[in-house]
Every structure is written in structure tokens, then in C-alpha cells.
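Note that the chains are named A, B, C and D in the order they appear, and that numbering of residues resets to 1 at the start of each chain.
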Amino acid sequence: MSLCRLVVTCPDRVGIVARVSSFIAEKGGSITEANQHSDLETGRFFMRYEVETRNMSVDSDSFRQAFACIAKEFDMQWQWRDGEQRRRRLMIMVSRESHCLVDLLYRWTAGELDCDIAGVISNHEDMRSVVEWHGIEYHHVPVAADDKTSAFSSVEKIIENSQADTIVLARYMQIIPPALCERYSGQIINIHHSFLPSFAGARPYHQAHTRGVKLIGATCHYVTQELDAGPIIEQDIQRVTHCHTASDLVRLGRDIEKSVLARGVRWHLQDRVLIDGNKTVVFS
Amino acid sequence: MSLCRLVVTCPDRVGIVARVSSFIAEKGGSITEANQHSDLETGRFFMRYEVETRNMSVDSDSFRQAFACIAKEFDMQWQWRDGEQRRRRLMIMVSRESHCLVDLLYRWTAGELDCDIAGVISNHEDMRSVVEWHGIEYHHVPVAADDKTSAFSSVEKIIENSQADTIVLARYMQIIPPALCERYSGQIINIHHSFLPSFAGARPYHQAHTRGVKLIGATCHYVTQELDAGPIIEQDIQRVTHCHTASDLVRLGRDIEKSVLARGVRWHLQDRVLIDGNKTVVFS
Amino acid sequence: MSLCRLVVTCPDRVGIVARVSSFIAEKGGSITEANQHSDLETGRFFMRYEVETRNMSVDSDSFRQAFACIAKEFDMQWQWRDGEQRRRRLMIMVSRESHCLVDLLYRWTAGELDCDIAGVISNHEDMRSVVEWHGIEYHHVPVAADDKTSAFSSVEKIIENSQADTIVLARYMQIIPPALCERYSGQIINIHHSFLPSFAGARPYHQAHTRGVKLIGATCHYVTQELDAGPIIEQDIQRVTHCHTASDLVRLGRDIEKSVLARGVRWHLQDRVLIDGNKTVVFS
Amino acid sequence: MSLCRLVVTCPDRVGIVARVSSFIAEKGGSITEANQHSDLETGRFFMRYEVETRNMSVDSDSFRQAFACIAKEFDMQWQWRDGEQRRRRLMIMVSRESHCLVDLLYRWTAGELDCDIAGVISNHEDMRSVVEWHGIEYHHVPVAADDKTSAFSSVEKIIENSQADTIVLARYMQIIPPALCERYSGQIINIHHSFLPSFAGARPYHQAHTRGVKLIGATCHYVTQELDAGPIIEQDIQRVTHCHTASDLVRLGRDIEKSVLARGVRWHLQDRVLIDGNKTVVFS
């Protein structure tokens, strides 16, 4: 191990930083990046450290064992992620729009996403060729309107078998069933093609066009059982004018969608996104 | 007269541009800025010309008389605004937040707004001093919760007497009654402190904070009888993070509000905003 | 033919719009998009019309023949581009950075770029696989430091043989020789990875990092004999902080580069970019 | 005292955070906001804590005395700013452009700037009225082309007598002499009306217009003896097109200038800007 991450959430109180940073210093670790946040409304404290462990006197297992005492004392949810464990396994789900998928694959190839790709699941065959060209397994799971249950039972098995821990809905146009949302709570990332909470639901660009807004947007958020209402990770917008038709909005929106999703996924993979009720703390 | 504006709206059909531009050329006018738009959905055509009239053979009255024939043929709503008429008279309405008012007054002093200020109406006394320092008349019209009718009857009389033709709600926190909306239809400009249609209604920054959005915005729109739902003129946003409290959003929002309102008002005064159903065509 | 484009540049004077729009109306054409600009400093006039020609009484050849008289009278440089001719042939040149190339290929596949891809030329072999996967010919032309002349003679022949008319330098890291710049004047588009005129020349992100700027940018411009000094088509920026290393800037910059280049190329292909001395008029 | 700030710069090494945060915890202080940065190139460490001191067992003087030992050990430059000391005294210098001055005065009135205004110095009389309306002393110090020395000797005396510690050049169009730069090193903030390092020197908007850039900008930076080359605090940009004349750029630029300057000054006053060689660390 060399560069590790410590991520902590706990009730706020005096002395957390002192205790944690002293512990790391004692063990010979060097903090190279530090982020902290106190939510004054909820009284929760959030912290993320990047730790250079080259000169540390203990290995990850011993570190965790020793840290557990502090964690207990401060009632922490925490994670010490070292180099070996760090790589998450991503399952990408997609329907017929390719832009987010292709963008993620490109960034992954370029080394921008610190993860393995466990596979791609789609309710259509359209993306098979580009996915397989990247050497990634493609799972076609059609979703029949009258038998979604069996489709999602297949989806769940594929995710399980591939040992994926993070699911990215890269313009996947089916609603994820509650049980799956629950099971991968805080691990399913969606890109919604509007500036939420505006234009939730279907055909947001057409809604935006009808309303005559001057900016369109996209929102990357965690999926919860309530549609389009989960914690927001990232948003961005693009200026539009009366000249743009609804289909221009669709085209312009693709660029925002893919960059917003890519940022959200990248930050998630770097443990920079901490969930705080129905909001997020993003140490970007 | 020297620089004039011709603004036209009519059903779209072949030959409008040819007819209008030929007419102007025949009279010796020179088009220095031209904007056109066809709304394919509504079949409406929109056009705005800036015309240098130094070498024109006719004066404004003759121009109008002659143009009326074309206008009739093409079923146009139109306006020829010459230098004398051009200056609109602005009535600004404000409650307790000063930032939009002060910004408008500053821009007006700096020559950015081509209008006269007919006065300022407020339901509070707070802004009297700054308004009067600018040599502008200040009208204090309290709005009692149980007698809004008489308050707005006073407001209407003040507007009438001051010969204002455009009303700017610069963070005026009372709802304008339907009759006034109707009378000054397309002439009342409001600034709403959210990225509409998100967070319509009261306390939008607090709504935004609760929802955990990553961008806040402001919207400049024409006022209609349906609250916060009139045609949008301009919008803009500002990035925020988990670090920002609701009152930080209020502070950051002030800057967006004033710049968005200023742009909207400036474009309106330059006849750059044409209403197209519940949307706007903005020739900015 | 159906949707055609008329692009005109000429000395500004009264009556151009009237004459051109009347001519089009007489022939039964319908203007669906119109843009005009007068450069008051140079006295040049620029105009671009999209014309629906379904009901036109003449074909493209007759149109051109008839329009030539007007063009002569007004001393116009002009182009009438109909559906058959419209598709330009793009030669993409690239070195080792793939992001702009891959982005252009993706957009081309998605139908965002109205052109054929004539081929890809590179001084390295790295991109062969991805290019050929798209069914596009790949030309490897190494550029030896001591014999650039013969390399660029090969490049020129490949461009000629492929009948390319537009050349996109998608992070091509060799300097284009003057003769080639001259021959394809106004047809070679480069992406420079800085906010020109800041940080012209080599390693702009490192220059930017050293200077401590808070925004980095990219610039899409036409290539002229003077390095990094040709007419600018489009620019954009990205916010950075003290936390970002030079290599973070490189990574963040890739996203700006590809979107700025894509916009520039798209507008060029749609004849929306008109050269005005060392500047551009962009009817976007 | 209640909310205090600890700002530290020192050579980076293991254990700084642990030592400082433990010290604060021991004294009963509670860290409400924490920022840290390691510059890997210079090996410098930067840190800023906001500390709630309500429950602290020591007063500011004792705190400083005790902290001095740690500071010595780690070779720190540091500052403990408590409530009483916190208010800096701002001297604003201005020439004939009023927008930055008026904006700063408005924000100061609105409580956005945590400082006292020590006065305004100008080489012209133009701003006297608006400044005095705010109850602020106005010093007219003409700068004769052939006797700048005596003018700046007056300026220096006024600054001294007013006990100003921070100087804001809010579009002050004279060059500050080296001795004054030196004396108030890191305390003189300028707004430059371009996106530095582009268009340094005079008439940047005209330079930008001539070059045909598609974005204009403004830069807030500390003043050093090298003109327009000091550490950059903040920058922002605004999109422009071929339609904008040089004087449009001037108008549009005013909005960027004032918001960029206001952000820079606000952050400086909150001790969020730490100088790192010729760059800045901005804990915004």
C-alpha cells in the first residue's frame, strides 16, 4: 500500500480532527489532502483524508484494528481504502443513447476512472459492438413491459456474478425496482437530463422547450426509491436560445450529460461524495 | 430622427424580408442590425431591424403611414420607434431588498439603460434615501394584508400619473393583482430568485438549500396572472457547494439576480424581447 | 436540392439585404434562417441565409447564373451551397493525444458533423486501431526532424488524393509549413490548448500552472503562417484552483479542447464562420 | 472573542495538522472550517482554521503565547485573528471609472465586506459626491505627469494617517511606485480589466477586440513591482461575439471587473488568500 484514503462520517464534536490526525501521525502516515465539513443543521461531521503510507509502521489490517477504537468512541461510519482494495467494479447500464456510455469507456481507457468495468447491461442490443471492442462483457436483458420482475431478477444476478459494487445508469431508460435501489443504496448513480428538480420525469428537453427556459441542464444523482429525487452529486447547464428546437436541446444536452455524469462517477470512485441525508457533501 | 427600430411579428410566409427590406431601401434607410426568427411550431415570424435614417427621404410619420399597407397585407403587429419616442418610462417597484434597485439606478446613471425613471414605488420606507439621492420620486404605498385592493388602486394611479409604460419588479414582494397584469401585459418585468420552473413560490433559496442542488439561479420574466409562470426573458446560475448555508445562497443569489434583471430590462428597453405565446424571442 | 445556404461577403452599402432577399423571394425560395453583420471598422458586410428551396422555380445552376449579376454589382464573394455539394470532406490530423480525434469520430457517427471523413493522417501509429474500427483510412506519415519537407510533401499528396477540402488539426503537434497553410487558407482548423493569446507556443498548461491562473482555456482557430495567431473561431474555459497540478490541468483541458474544437468544426461545416481579416464572424 | 481564525504557512512535514488541531482541542476550541494545502513543488504547507472559541479556556493573548512554541518548532508564519482585531481598514483608490468603487461601497453597506473603509483616494474629483454620501472621507490627490513623487508621497501619508492596512485599486489608473508596493506587499489588490496574462498593459478591451477573442475577462491580483504580473487571486470571463464593439466590451467588462474584484477583496479580508511565491492559495 502507498496512497490510502480515510473517509469518516460521525456526529460532530470537539476533538475529532485532533484525534484522527494524531493517530495517523503516530503511525507515520502523512496527510496529503484533507477535507472536512460540519453540517450545522444535522450536526453531522464529514472528513476525507488522503494519506501517504510509505513510512507507516503498520499495514492496513493493523491500521483498521487500531482505528476501530477511535471509531467506536466517536460513533463513526468509516472506511480505510488502500491501494489493493481501492479499485471498485463498475456495472454500466444503458438503453439506446450511446453518448454517456462511450464517454465513460473513453475516460476509463484514458485512465481517468479508477475502477474496473465489470460489464455493461442493456435492454437493447445496440451497444454490443462498441462495448465488446473495448473487451468488456455485454449483457442483453430485454425488459418486457409485462414482466419487469424477471428482467430485473436477471439484472441482479448479473451484477452479483460480476461482483460489481457500483452501478452507473448511463441513460438507462427503465425504472430500477425498489429492492435493487435498497440493496445498492448509495452505489447507483444516474444521469438525469434536466436541471433537477425542474422537469423531473419523462422527456425533460421537450418540457424545457415548451417552458421556454434559457438554460438547460443535467443532474447526476444517487438513485433512491423516489424517482429523480435522490441526493444530487453534480449539475451543470448550457445556455440555449429561442433558435434552438427541442432536438437541438437534445443534442446540446448530450454534452452536459456526459461531462456531469463523468464528474459524478469520478468523484464517487475517489470516495469524494459523502451522503448527508438527501444531500451530498462533495470534496471535489 | 437618426437611429430607428422596426419590430414586426406576423404569420410566417414567403417574401416578408424581401418586402420589408426593399421598402426600407427605397426610402433610403440603411439596416445596421437585423434579426429574424421563424417559430416552426406556431408559424409565427419575428423581426427586428435597426435602421440608420440619416439619408431617409421620409419622416417617421410618413414612414408609418406608408408601412401600414405592408403591415396590413402581412397581418403584422409592428412598431417603428424613432429617437424621440424611444425613451420608455420605467416605474421600479421594490420591497426591502435593495440590490436590484441600486444596481438598476447605477446602470441608469451610467447610461446603460435607455429610459427615463418615472419613479420608485415601495411598500416600505427603507429605500427612500438612496432613491431621492438620485433625484427620483419615491412613493411609499403600504400594502395592508386586509386591504390590498386600495393599495393597488394607489399604485395604479401613481403609474398612470407618472406616465410610466414599463414596470420593473425589483424584488417587490407583493403579488400584482390580475387587472394590473392585464393592463400592462408584456410590460411588467419581474426577477424571481430561482432557476424557474424550479422553486417557484416563496423562499426559493431555502427550497434550493433543502433540495441540495449544486447550482442556484435567477429568472427574469414577464408577469402574467399565473404566478411565476410568465414568459422567461433571461436566466443565469451560480455554482454552490455543500459548504454554503441558505444565507450564503441568498448572498450569492443577489449577484445573479441583479445581473439577470439588468440584462432583461436592457433588452426589453431596446425592443429585443418579443413575446411568442408563453415564450420569448430574445434578439440579444 | 431542398435546404440550401447562401453565404455572402462584400463591401457594406444600402440595399444589399433588399436585393438578395427579393431575388430569393422571386425565385420562390423561403428564408428559414438569416444572419447579417456589418463590420463598422472594415466596412465589410457578411450574410448567411438558409433557404428552403422546395418551391423554387430554378435549380442550383440557374440560381447561380442569375445571382452572379447581383454578386458582380455588389462586389460579392459568395457561395450557394446545395444539398449535393454540401458535404465537405474532412482530413483529420493527429499526433498522440486521442481525445479530440475520438470525440470528432463519435460526433460524426452520431450525425452531428455534416461531412465525410476523408481519412486520418498521423505522425504516429497510436490511433490506427480506433480509426480503422470506424472504417476510416489511416495514413501514418512520420515526420523526421531533419526532413520535414518530404513528410509534408506526402501529407499534401494524401490530402489531394483523398479530395479533402477541410483539414482539422486534432492535437497534431507538428507545425504546418507555410505553403500548405496558404493552399488551404481558411480551411485548416486547429485546436490550441490555451486561452489564446495567453500561453501561445509549447506546453501551455505548464505555462498556465506556473503563472497561477484561475481559469484555463482552449482556442479553436484557423491556421495561418503565423503560429497560434490565426483568426479565432471559438474559445472556452474551465475554472481551476491551487489544488490542481499541471497534469490535472492537462486532464481538465482535454474536455474543453474537444468541445471547443467540435463546436468550431461544426460551425465551419455549416458555413457559419466567415473570415473578417484576422477575426471571424460566427453566425452560431 | 468568539469566532477566530488561525492562518499558517510553513515547510511541509508530517504531523503539522495533528499538532495544531490537538493544541486547539486541548484549549477547548472547536474547528468549524478547515482548509489545508501542500504545494508539492515548493514544499510549502498552507492551512486556515476557523475556530469557535466560546468554550476556550484561554484568551487570545495566552493562545498566541502558547502557540508560539509550536510555530517556532515548525518554522511557521502564522496569524491568530480574533474578533476585535479582525476588521481590516481598507483604503480604496480610484480614477474616473466608478463601477468597482460603487460596487464595493454597496457591498460594504450590505455587510458583505468585513472591514472598515478608511477612505477613498483619487487623482480626480469625480467620485467625491458618491463617496461622501456614504460618510467616507475623500482625498483628492492629483498626479501630475512630471511630479508623481510628491503625489505618491501624499498618498502614502494619507494611508498612514488613516491607519489603512489594505489598499484596493478599484480602477486606479496610475502605476504604484515600487516603494509603496514593497511597503504594503501582499496588501495591495488590483483589478486588471483583462484575462491576464493576455492583454497586460493599457487598453486591454481594445487589444481584445483587435485580436478577435470570443471571451473577455478580468483579473484580481496582488500588486508587485512588476506591472500586471503579481499573484492572481481570482479571474472570470464573459462570452462576446463579433457583434460587440470595443465599447460593448468595456460595458460588459465592467460587470466582470466588479464581481471579480469583490470576490478577491472579500476573500482577502477573510484571510482566505495565502501567497505562495507568485501564485496564491485561495481557500474559498
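Convention: a contact is a pair of C-beta atoms (placed from the backbone, for glycine too) under 8 Å apart; a residue touches a chain by one contact, two chains touch by 3 or more.
Only a predicted model underlies this, so the values are computations on that prediction, with no experimental measurement involved.
S.K.: Looking only at C-beta pairs in contact, point me to the busier pair out of A-C and C-D.
M.R.: Of A-C and C-D, it is C-D that has more C-beta pairs in contact.
S.K.: Using the average of all C-alpha atoms in each chain as its centre, how far is it in Å between chain A and chain C?
M.R.: Taking the mean C-alpha position of each chain, the two centres sit 37 Å apart.
S.K.: Quick check: how many Å separate the C-alpha centres of chain C and chain D?
M.R.: 42
S.K.: Out of chain D, which residues touch more than one other chain, so two or more?
M.R.: Within chain D, the residues that touch at least two other chains are 33, 243.
S.K.: Graph of touching chains, which shape: line, ring, star, complete, other?
M.R.: complete
S.K.: Quick check on the complex: what are the chain A residues that touch chain D?
M.R.: Residues of chain A touching chain D: 14-15, 17-19, 21-22, 24-26, 28-34, 36, 38, 55.
S.K.: With touch defined as at the start, can you tell me which chain C residues reach chain A in the complex?
M.R.: Checking each residue of chain C against chain A gives 33, 98-99, 102, 106, 110, 112, 133, 243, 251, 254-255, 259.
S.K.: So in the complex, the part of chain A that touches chain B is made up of which residues?
M.R.: 37, 39-40, 195-199, 211-215, 217, 231-237, 241-243, 245, 276, 278-282
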